[in-house]
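Look at the two complexes coming up: chain A is in both, with chain B in one and chain C in the other.
Take a look at the complex of A and B:
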């Protein structure tokens, strides 16, 4: 099961603290997506280095195929950007220029998001929120929501299977009502499961007034330092550039 | 004897329900007692478990009269969260009672909610794990566990909170016989520790020698109470008269050798041949059948332990398994997986997944030409759901939903019907009705039933196919 907070806990490779992942995510949004400090050569170079980080992280988590795929696409687009673009002119230049730019800026953040969701368990996430002093009123509904996603996906898969056996599909006789046919059973099943899930949660004391504890061990290790260092250096380089020490 | 719970003249009616669920019920449960609540569906046994763990009146709303006292606390004045450390609950559906992805976090979940210190939680987990002997299940992904393993983790999560009273609501509905044996061991250990255990169940045999008292309920009242040893000496006929399932199946087909075996006379009219039914997940050979001939029009039970490959077999048979390339020969035609999708139909365990339309008639007509309405109505008549044809399928009972799904498959000309555990969680009368239903499709249609229910097999199947480790030989 890959997807939202359903991390493979049995062989997960190198484990990072969820806060490290969030920090890298934020850095990518500021520098790669936002283009902060792109006027400074050192920052540009470092941004590229940090943009490759998510693909390397996928490797450390054992998701080799995803890593190779995203890494390959990123490399191809970067190559095209530097080798092909200078030879284009006019409309071709502006269209492909914008496409390459959007791609190079968006992709690292998206890959990082995918890595974050597919390698963090709900308990790790809650523990991290707890350490960051996010109140329980926010973390508890969030945790129930995350628990609910994979279940809804399972339900959705079962409904799809059922529809295939009934030969209801795009291009079929009642294709116009495909969405309705899918949503009604999905809602009925989700409501049932959601209600059972809440009942089970209540009997196990979710929502007591006492402060919830957490046995999930999260914390910063050497691998977190290795990942945080390049991200942090971006801020330093940018700061140096802003006060004019480097250009 | 000290009492663990007292229900005094309790009457309860769920909000939005026409009839009451409980009607002046009196029940006293002693500390350390193991009590079985039994009776047909709708007798009120689940409602009693919900009163004991506080879900009624705090979660399921309705009109409650009389008094309920659990561990010395009046239930109305006790917040449900405060009962969490005192009453533990295990539910029927493993899909909807887990919060975490990994087993250790799941066992810790309740203790974390109680705000216990980390060291205390860790020591409770290791004690619980040792007592239940589930070391091999630690630090595993819950998504990868079998039904029985999931239920053990649910029990462990409850036990780690050290409750005085544990209620279980149909905990074995989704389990095979081995898994039930495991659950029996857990409850026996709880008894030895002096915990009070209340179990609402349809399957009864596994509780023999375990429960001290059996309470038979009917229409929201107690119809009879038996000491454990008296109850388990009731004959199958006496049980059937009371709407209860038999204790021990007359036959255990899991003990039979692998392969196909005829269990009652059946006129052979033709065969359906399955060829090269093979499928592997990675290195694991989940299904490995070279050739299998099944009599056309037969009602065949597919039995095997959890993990025997029955689900994979079903998915292949219905042409739903990606990457599967076997063949079915039927009426001299050779069917590839794509054709199988057209020829076969699976009635899922949760029928809600396969009912789409707004009325029963529309549901059955879905995908059929409009001029077949008479045919559809005749089918509804035959399956005894004609009176519901204008109702929304989701408003029907479980059995009626099953019938609607079957009617839609028959109208679509399906020749192979596959049922996934059609009687899980059903009482005696519903099981008998389902058995009759499974014989209805007629000689044109071959029926395959994946089931653990030996009583059902004895009532309606013509053949039994025993499969283990993906193989029938």
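Take a look at the complex of A and C:
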């Protein structure tokens, strides 16, 4: 989970507009995760194509290992789903079906989310939100939240280790304090980190009444068009399917 | 509302969402699915009560609620949670406001009202069941049958009531921990 919202400006390959990434993300949620239009064959096919898009985007960003890993897992699960599942019944079907489903549907969205967060800086995110006229009251909490996730998880892992050493774990001698002894330290350190974060944000002029300026250059280019085209075609196919032009 | 308040919303939303996400993973086991409306409000009550000690201006609870709805939209729970969270967040805000942003009893009830959005995640299960399962065919018929047996339509209001009651319990729990730890440490 490292590198969320802390992208380096250099060495990140082809740069997409944050709004493009958001649009692809939403498309994946609607079609891959939400299963919209899964009754139409063309949409199913296109959904698979768009599901592979995040892994290709990882390639363009120079994250080759991650791209190969996620692409490999996706391909393996996908084949297992189409070759293995029809032969199973009962509990085996339930378990493996849920696992496959979780992977095939969740993974594109998760990979896209990872790509979005690892290639976008907070400044770019705020600039894009500003262009879309999203009010500051939503953008600031959202950007803080995404920036804060890795911190929370990191602190939680450290606390977890410490508490396991004291035998405060599931099945341990002091399992009753399992939750209290984890959440309380987590919140104490989060609050401390939070006040440091607000101090840092104040010096950057976040949350003032005046209009902030931003030196990030965001805008749509040819690469955005290339990415948006397959995503947009999904909506077109779905629309055509709904009015009955294609099956 | 100043930058500092908005940053606090972000921080507590992050903690709250991590809890939601961990608990939601349990939902893959059928028996746990209805229990989400019980576990999330209780555990979420702990950070939420600390958050409420930071709330002094109108809108903070509401924004957090809207953000939770947006996160549900982004994680594929469709639009009903967002629609409910916009309304329940405003209600929670009004409840806490009626206690001048400092009443401890109102804070507990606020957590109950705030938690209503968790139950909204089940709405498609009751009112668009066929569509809900059509996109989850791979779960296998056993899972579908088990969940349908556990969740007849009359369970819908029960889920909302459960979310509220557990929210109140979570609020009390959070309140107790607040007294025990945070006030002593000087951060409540």
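Assume the second predicted complex is superposed on the first by the 173 of 247 C-alpha atoms of A that agree within 3 Å, B and C clash if a C-alpha of one lies under 4 Å from a C-alpha of the other, contacts with A are read in each partner's own complex, and residues count from 1 in each chain.
Basically, contacts are C-beta pairs under 8 Å (C-beta built on N, C-alpha and C of every residue); 3 or more make two chains touch, one makes a residue touch a chain.
None of these values were measured; they are calculated from a predicted model.
When the two complexes are overlaid on their common chain A, residue A:162 makes contact with chain B while staying clear of chain C.
Applying the stated contact rule after C-alpha superposition, one finds that A:134 touches neither chain B nor chain C.
In the superposition on chain A, A:198 contacts both chain B and chain C. In the superposition on chain A, A:75 makes contact with neither chain B nor chain C. In the superposed model, A:226 lies in contact with neither chain B nor chain C. Of the two partner chains, chain C is the only one touched by A:190; chain B is not. When the two structures are aligned on the shared chain, A:84 is found in touch with neither chain B nor chain C.
With both structures placed on the common chain, the touch criterion links A:56 to neither chain B nor chain C.
Once the two complexes are laid over each other on the shared chain, residue contacts for A:45 go to neither chain B nor chain C. Shared interface residues of chain A (contacting chain B in one complex, chain C in the other): 143-144, 147, 151, 180, 184, 188, 192-193, 197-198, 201-202, 206-208.
Those residues of chain A lying in contact with chain C across their complex are 25-26, 29, 33-36, 38-39, 81, 85, 90-91, 93-95, 97-98, 100-102, 105-106, 109, 136-138, 140-145, 147-149, 151-153, 156, 179-180, 183-184, 186-188, 190-194, 197-198, 201-202, 206-208. Against chain B, in their complex, chain A makes its touches with residues 1, 5-10, 121-123, 143-144, 147, 150-151, 154-155, 158-159, 161-168, 172-174, 180-182, 184-185, 188-189, 192-193, 196-216. Chain contact summary for the complex, chain C toward chain A: residues 1-11, 13-15, 17-18, 28, 43, 46-47, 50, 59, 63-64, 66-67, 70, 73-76, 78, 134-136, 138-143, 177, 181-182, 185, 187. On the side of chain B, the complex with chain A involves touching residues 53-55, 58-60, 80-85, 87-89, 91, 93, 95-102, 104-105, 108-118, 121-122, 125, 139-141, 143-144, 157-158, 161, 318, 320, 341-342, 344-346, 348, 350, 352-357, 366-367, 394, 408, 412.
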